Amino acid sequence: MSSSELHSLGLTEVVANLENGILIVTLKSSRKMNSFTEKMSHDLIRVFRWGDVDDRVRVIVLTADPKVPAFCAGADMQEILKGSALLGRQEENEDEHRDPGGQVALAIYNNRKITIAAVNGHASGSGFTSLQLPFDFRFIWAGAHITLPFLRLGILPESTSTYLLSRLVGESRATSILLSNAKMQPSSPNLSSLYQEILPNKDDVLPAALAFAKMIAINSAPVSVSYTKGLLHHPGTSIEENHLLDSRAIKRRGASKDGAEGLKAFMQRRSPNFPDTVSSESSSWYPWWKPRDVSHPNKSKL
Amino acid sequence: MSSSELHSLGLTEVVANLENGILIVTLKSSRKMNSFTEKMSHDLIRVFRWGDVDDRVRVIVLTADPKVPAFCAGADMQEILKGSALLGRQEENEDEHRDPGGQVALAIYNNRKITIAAVNGHASGSGFTSLQLPFDFRFIWAGAHITLPFLRLGILPESTSTYLLSRLVGESRATSILLSNAKMQPSSPNLSSLYQEILPNKDDVLPAALAFAKMIAINSAPVSVSYTKGLLHHPGTSIEENHLLDSRAIKRRGASKDGAEGLKAFMQRRSPNFPDTVSSESSSWYPWWKPRDVSHPNKSKL
Amino acid sequence: MSSSELHSLGLTEVVANLENGILIVTLKSSRKMNSFTEKMSHDLIRVFRWGDVDDRVRVIVLTADPKVPAFCAGADMQEILKGSALLGRQEENEDEHRDPGGQVALAIYNNRKITIAAVNGHASGSGFTSLQLPFDFRFIWAGAHITLPFLRLGILPESTSTYLLSRLVGESRATSILLSNAKMQPSSPNLSSLYQEILPNKDDVLPAALAFAKMIAINSAPVSVSYTKGLLHHPGTSIEENHLLDSRAIKRRGASKDGAEGLKAFMQRRSPNFPDTVSSESSSWYPWWKPRDVSHPNKSKL
């Protein structure tokens, strides 16, 4: 059982449970409307990193306490008024600040496991930028309101949203979403391509996400997932370079124990049982990109 | 009043008016069907640059004289037959030519204010590539015909359209649009994601664009807009680098006068009144990209 | 007549015919369900390269024998079980392998002629990644099943699909398609933007593709097509650099024989008859990217 390990993470703003390879992380903020706090960012980073390295975890699903109307109402205004880290501490220089929403986004986007957001309520600010965009899949309630008040607050879209949104849906829609300041619905043309499924009832969002997660957890080799995500997030700078990268990866995976088991299970028309693990996967060339630690100002600057 | 300043720009192919922070630029070519001429390109560059630096301007809207059936019929054929600058002057070398449609596209795309195209008529050639793609938002009449005759004329899509279109809507649709040579309608699947709104009546296009412009002009901090556009157009080369860029920007904006006013107005449920101005915004790191002057051959070559 | 030349290519897994500027390549595998074999990859590379250099070829259309239910069932399992080159030969090092599906993808994507996939049957694995994604246009039967069993087989999506799919339709849909392991239909929101047309009847796919091909073959200057594809696949790294690239190209094409003929035909309202040829087009700056030969391990490594 992993409950004791999860307990040792000291989570207070989220609840985490691991069952059948699926790690369910539930936002349960001590503040109103699940608003995003500095402590919530720490909890999320910790639990997503734990899910990244623990081989029992195949899929990570983020959702919110269904009793709260909001999935996440964005940065907690009370904390901001008190001068929290959310907009930077007074004593920090501009190049020393590390946006907490962005730190969470990195922990999710760089995760080697499949990540799914099950958005079962309204979302504002970082409830969209940090807690939806960096995921592999997004499921959402059709009635959710998406609001991005950044420009009205005199600040700007954070959590790497200017990077992620253009990549995810193209610059035309990214610009519309980030500059328009309007209340949006998941089914609006600008937003809809972000979502794997838009569900009419709030209570159907998590079950739909979990059924999908289960299907993936059973059928996908975890190491294959990590290579595929690596190639999607760090493709070659040309089609030729990508061809060299995926040729190397397919040769490696084809000759792996997983590759033999996958082929055997396919011929025998049964579910595969993959022996290879993400934590023990290593080669001279993986990862082929240079992971950059930007967690602290003294580690990396522009 | 700014009318005398606008008058001093010597505009003949466009008409410009500034009202309540919205600069309306109306195409009114001396040639048939609002066709695109070298002088029109000079007028557009001048007026968009003026809008970029004048702090009274919050949004720039481009539209056309509603009495002309075409929003813009593309490059003026008579001018081309006379050997104008549109396809390059005879005495220029290949690397000396600066495509006028591209120069206009740069003046629009690099503008720090919100830009909106209100396409209230048919559009051909540069009427699409130069006068629609570089904008932040596009509103269009449902009955507009979009035609791109480049390949049939033995030339090729210009005005940086091969750069912009793939970024805006992805390479699948960009390729379809630029290689297919067909007459298209705004609601066609390849085009529709370019448009914020597609309006059934020609005369509804400008009012819809202006209502949207007004909503943005009231609610968005101009300096926040300029940073957001900067991040969308010049994102980090990795998610980590983007995180460093937007962390720095959010720290700066959070500590700005605009940030204080935005938060105060939000708590008091009133419209914000932002004191910071784009023209006086400066810091050691903004802009973080190296703006490249390509206006003249002697300034920059490949 | 070109039939003798095509015959000399030694094709066994595909049939090729050139008629009115359109090269039709038909998959006719010696294996069940048109499955993808090493020999098929050699045939496809050979015939697409031939089409690239022969000036009579304006458009290349790939389709499948309509009597076979599958357009292409993906890598041939019998060949894989025998240890074919498809997943790499045992004696190869990881950096020596060149994925055959990727080699085909390069021959299609880098082709200077218009390429069209007419997918008239089910498609699995490389039948999607290698034989659909690298094309300029895709036509498909609405009833086609698209299945990507890579992760279930313990391997990963190949044929440069991680590079192409994000570029074509954005990372949100690319991730959904490549990580979800599910059976998909062409009309599903994740896939539909890949297709120029989705046809209700299997037998309508090739005729629709050919009608479209004919329209393009008549109206487009081949050299203009090659420059446009070059700019779409190798755009400038900034809008300014792209402006320099397309300014140079438009000056060159405007002053070409094709440019004169295109303008003349346009004024005379007749079909153009372009004299310039792709094979004889050369200049000091075209191509502006450095083509990289990755066909053999000793030619290029990461």
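Labels A, B and C are assigned to the chains in the order they are written; within every chain, residues are numbered from 1.
To be clear about the criterion, a residue touches a chain if its C-beta (ideal position, glycine included) is under 8 Å from a C-beta of that chain, and two chains touch if they have at least 3 such contacts.
Since the model is a prediction, treat every value here as computed from it, not as a measurement.
Least-squares overlay of CA atoms from chain A onto chain B yields a rotation of 120° to the nearest 5. Where chain A touches chain C, under half of the residue numbers in use are shared by the two copies, so each contributes mostly different positions. Here the spacing of chain A and chain C, counted between their Cα centres, is 33 Å. For chain B, residues touching at least two other chains, in rising order: 170. If you check the complex, the residues on chain B that touch chain C are 77, 80-81, 87-88, 90, 92, 94-95, 97-99, 102-103, 105-106, 109-110, 149-164, 166, 170-176, 178-182, 189, 233, 289, 292, 294, 300-302.
Looking at the complex, you find that chain C touches chain B at residues 114, 136-137, 167-170, 192-194, 196, 212, 215-216, 219-221, 223-225, 227-229, 231-232, 235-236, 238-256, 258-263, 265-267, 272, 274, 276, 283, 285, 288.
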